[in-house]
Amino acid sequence: MSAAEEFSNYPPEVREEIARTRQVVSDLHAELPRNGLVVWTAGNVSQRVRIPAELGGAADGSADLLVIKPSGVSYDELSPEKMVVCDLDGTMIHESPHKPSSDTAAHAYTYKHLPHVGGVVHTHSTYATAWAARGEAVPCVLTMMADEFGGPIPVGPFAIIGDDSIGRGIVETLSGSRSPAVLMANHGPFTIGKDARAAVKAAVMCEEVARAVHVSRQLGDPLPIEQKHIDSLYDRYQNVYGQK
Amino acid sequence: MSAAEEFSNYPPEVREEIARTRQVVSDLHAELPRNGLVVWTAGNVSQRVRIPAELGGAADGSADLLVIKPSGVSYDELSPEKMVVCDLDGTMIHESPHKPSSDTAAHAYTYKHLPHVGGVVHTHSTYATAWAARGEAVPCVLTMMADEFGGPIPVGPFAIIGDDSIGRGIVETLSGSRSPAVLMANHGPFTIGKDARAAVKAAVMCEEVARAVHVSRQLGDPLPIEQKHIDSLYDRYQNVYGQK
Amino acid sequence: MSAAEEFSNYPPEVREEIARTRQVVSDLHAELPRNGLVVWTAGNVSQRVRIPAELGGAADGSADLLVIKPSGVSYDELSPEKMVVCDLDGTMIHESPHKPSSDTAAHAYTYKHLPHVGGVVHTHSTYATAWAARGEAVPCVLTMMADEFGGPIPVGPFAIIGDDSIGRGIVETLSGSRSPAVLMANHGPFTIGKDARAAVKAAVMCEEVARAVHVSRQLGDPLPIEQKHIDSLYDRYQNVYGQK
Amino acid sequence: MSAAEEFSNYPPEVREEIARTRQVVSDLHAELPRNGLVVWTAGNVSQRVRIPAELGGAADGSADLLVIKPSGVSYDELSPEKMVVCDLDGTMIHESPHKPSSDTAAHAYTYKHLPHVGGVVHTHSTYATAWAARGEAVPCVLTMMADEFGGPIPVGPFAIIGDDSIGRGIVETLSGSRSPAVLMANHGPFTIGKDARAAVKAAVMCEEVARAVHVSRQLGDPLPIEQKHIDSLYDRYQNVYGQK
């Protein structure tokens, strides 16, 4: 069954967007082991498939879809057609030999309640997870942290799989922060972005600053950065950095 | 001499299973350096060859065989035909230019006394070995630890090569624990699984959680996870996670 | 438009030197991820294009050019023609779809005020950045540090992007030191050299000694090295080491 | 000039042995970056060329030669014909565009005074160098340390390049120890072996145990191993381990 046939109750434009998104999500998973963020089958990347109102979508994005990694499959064996497609309740909308990631409910909840979010990443990257295990936010003591996170990386509540509690913890914590990353207590980081690539970048940067600030703190207290400087760095980076 | 001729006192089904297992064990060794668990020739993977009663095996598995790495051979030079086949007393049952790993007695003892175990892995991975050197169990403060280990990773006794003492220490420690990993004091981790692949996964996860909890502890005390949450996470992961 | 046409108001010798320098700078960027100094698009290498007086240059080097990485482009996608060429006020002197690195002003200021400098590198390498976050110089307690740095690696002031303050901090700090590396507070290392390759080497060595001294300090106080020995090691290494 | 012509005052058997040793030493250098022991051009491997008395050698080995890395050449650019050949006073015995490693005098002194030594390796590997910077021996608290080193890894004196002091420090420290590795204070490890391969293995193991014991010590005191157990492990490993 081709991807087009597989989603035959969606118009061709949506089916094409699903196919394109499965390729993107499959490819981006390679960045997680490459950047040392995951071991074995841990970690997952997802991306929203936006469905415009004229193609049957909802104005608030609640009828959008998400594409995510299958559960427990190794990074070497991923391919676009193995990526799983779910609605924003986390229910799989096609037949597949693969179940979606066990973290799908948390991704779906995030897309449903944060319409501007186009990508979500979850890892157990070592240093971010170490801060999460202490339930301690990473303080903003590096200019590159001010650039990317605009302040500390906050901690979310302890929550276990089985209901909405992880998703709610992510959404509530990130709603009160500039940071695209949240450290779920005793668990690990979740990151968001305008698309999956931006969320992967945030996951990479989150681990790097968690590590550098950890190392710095091992031998003393890092110097604080004044709030006005954090604001200025964040503003410039979000608006000026990179190519148009 | 072909593998079939080599084990001519076994029926063809067993000879085929030996050949298949040698391939699996040879291939899985590549995961140890790839995941940073070993240096030089250290570390070894083995897998049980089950011999059903109708093919001359024993009901309690005591007539089974094991396939293990040759001693002191570098990871680059491993191949299926170099893998050594032993009985569960650790005695080599074929002619070969290669001696079995010097840890074979510990693997054999484990298979003999834990009939459900199908794979065993031993490494000196850095962080797990560091906990082992202090004789300190890794506390269960991460959700991924609750998933995979169902509680702390326990410490086994100090024991030296030369008699059954390493094997006994592994079996006694693991018999009283959900954990598929034990940290032998001053030595390093041994892990078990339903097959060699599962034992390799446990070795990878053991090092990762030993590292993340170490890092977390360097700057304070990780938050404990309530026992009921550990139980719930362990139960879900063992029964629901991954593909069928 | 070829590189030659692109810079048609410069004589052919300068245009060839620009082309050669773009190749060198593009290639050297591969050393940053290879040596673990950067994640994602962070970090940048530049090299001076010297313009002799007879080809229209200035005696004090102030009419020279610099070649630098484009802003926010990933390491995999770099190529010579994407390298950006600026004057020593940091102004781009050609049309290009790429903007220069957001650190260009700091590089340009350094070339303008330190005429002997032929290459500049900036990274956020983890251990160097950790010292920078505490505002603490790396003490000279290793012979390889005496060789390469001739003393401690000094700390520069906190400075934010937007004016000359980073460049001034670099130049003032390095002017009073033998070290080719400065740790800008809360930010990260900048290194200099006679060309870009030498500055990359200094960036690699800076991270390595920051890491080794950090690790040493974690369990006690490193032994000091007497100043006369530091002087002797530095002198030998600068004058005798390596091939002619 | 071919290798055979290059050393025309030596008999053909010695010229062949020189050629073979240059290949071995060139190849083994790849193990240093591969095992994370070196950055940039740091580190070097050498091997003795034994000249039997009947071919013009001396009974005490003092007329032997050594083959070593050229100074300041990057690991990517090494090849057999770039390896430098010296006598045991450290004097180069052939014409070459390459100077020998700046550590050649220390290697030569070691071969001259320890006739059983066939290979020497020097690195600045991070954790071993960190212990060396504190002038602190690595205590023997791991079974794999007892296996390979037979006790603690000792510290040698602070010594600078320019006379025999590094070589003397190595020889005096190792003469009183089972260990094939010595940590030269504020400098880094030197290791020895029956050939260059064995010395490389000792360098790899030295860094690994320096790292594991460091990590263990960060959170408490490792358990001591009784001397009788150290002796027993060392004896077995030296005499039984590995293939014949």
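Think of it as A, B, C and D in the order they're written, each chain with its own count starting at 1.
The rule is simple: a residue touches a chain if its C-beta (ideal position, glycine included) is under 8 Å from a C-beta of that chain, and two chains touch if they have at least 3 such contacts.
For each chain, UniProt lists the protein as follows: A, B, C, D = L-ribulose-5-phosphate 4-epimerase.
The shown structure was predicted, so the numbers you read here are calculated from the model rather than taken from an experiment.
Engineer: In terms of touching chains, how many steps apart are chain A and chain D, taking the shortest path?
Structural biologist: Each step joins two touching chains, and the minimum needed here is 2.
Engineer: From the centre of chain B, which other chain's Cα mean sits the farthest off?
Structural biologist: Ranked by distance of C-alpha centres from chain B, the top chain is C.
Engineer: With touch defined as above, tell me whether chain A and chain C contact each other through largely the same residue numbers, more than half shared, or through different ones.
Structural biologist: Result for this pair: different.
Engineer: Quote the value, from 0 to 180 degrees and to the nearest 5, of the angle by which the CA atoms of chain B must be rotated to coincide with those of chain D.
Structural biologist: About 90 degrees, rounded to the nearest 5.
Engineer: Could you give the separation in Å between the centres of chain A and chain B, each centre being the mean of its C-alpha atoms?
Structural biologist: So the centroids are 34 Å from each other.
Engineer: List the centre-to-centre spacing of chain B and chain C in whole Å, with centres computed as mean CA coordinates.
Structural biologist: 48
Engineer: Enumerate the residues of chain D that touch no fewer than two other chains.
Structural biologist: Residues 218 of chain D touch two or more partner chains.
Engineer: Could you list each pair of chains that touch, in label order?
Structural biologist: A-B, A-C, B-D, C-D
Engineer: Give the list of chain B residues in touch with chain A in this complex.
Structural biologist: That would be residues 35, 141-144, 201, 204-205, 208, 211-213, 215-216, 218-223, 225, 229, 232-233, 236, 240-244 of chain B.
Engineer: Considering the complex alone, what residue numbers of chain C touch chain A?
Structural biologist: The contact residues of chain C facing chain A are 39-42, 70-73, 97-99, 102, 124, 126-127, 129-131, 133-136, 158, 160-162, 185-188, 214, 217-218.
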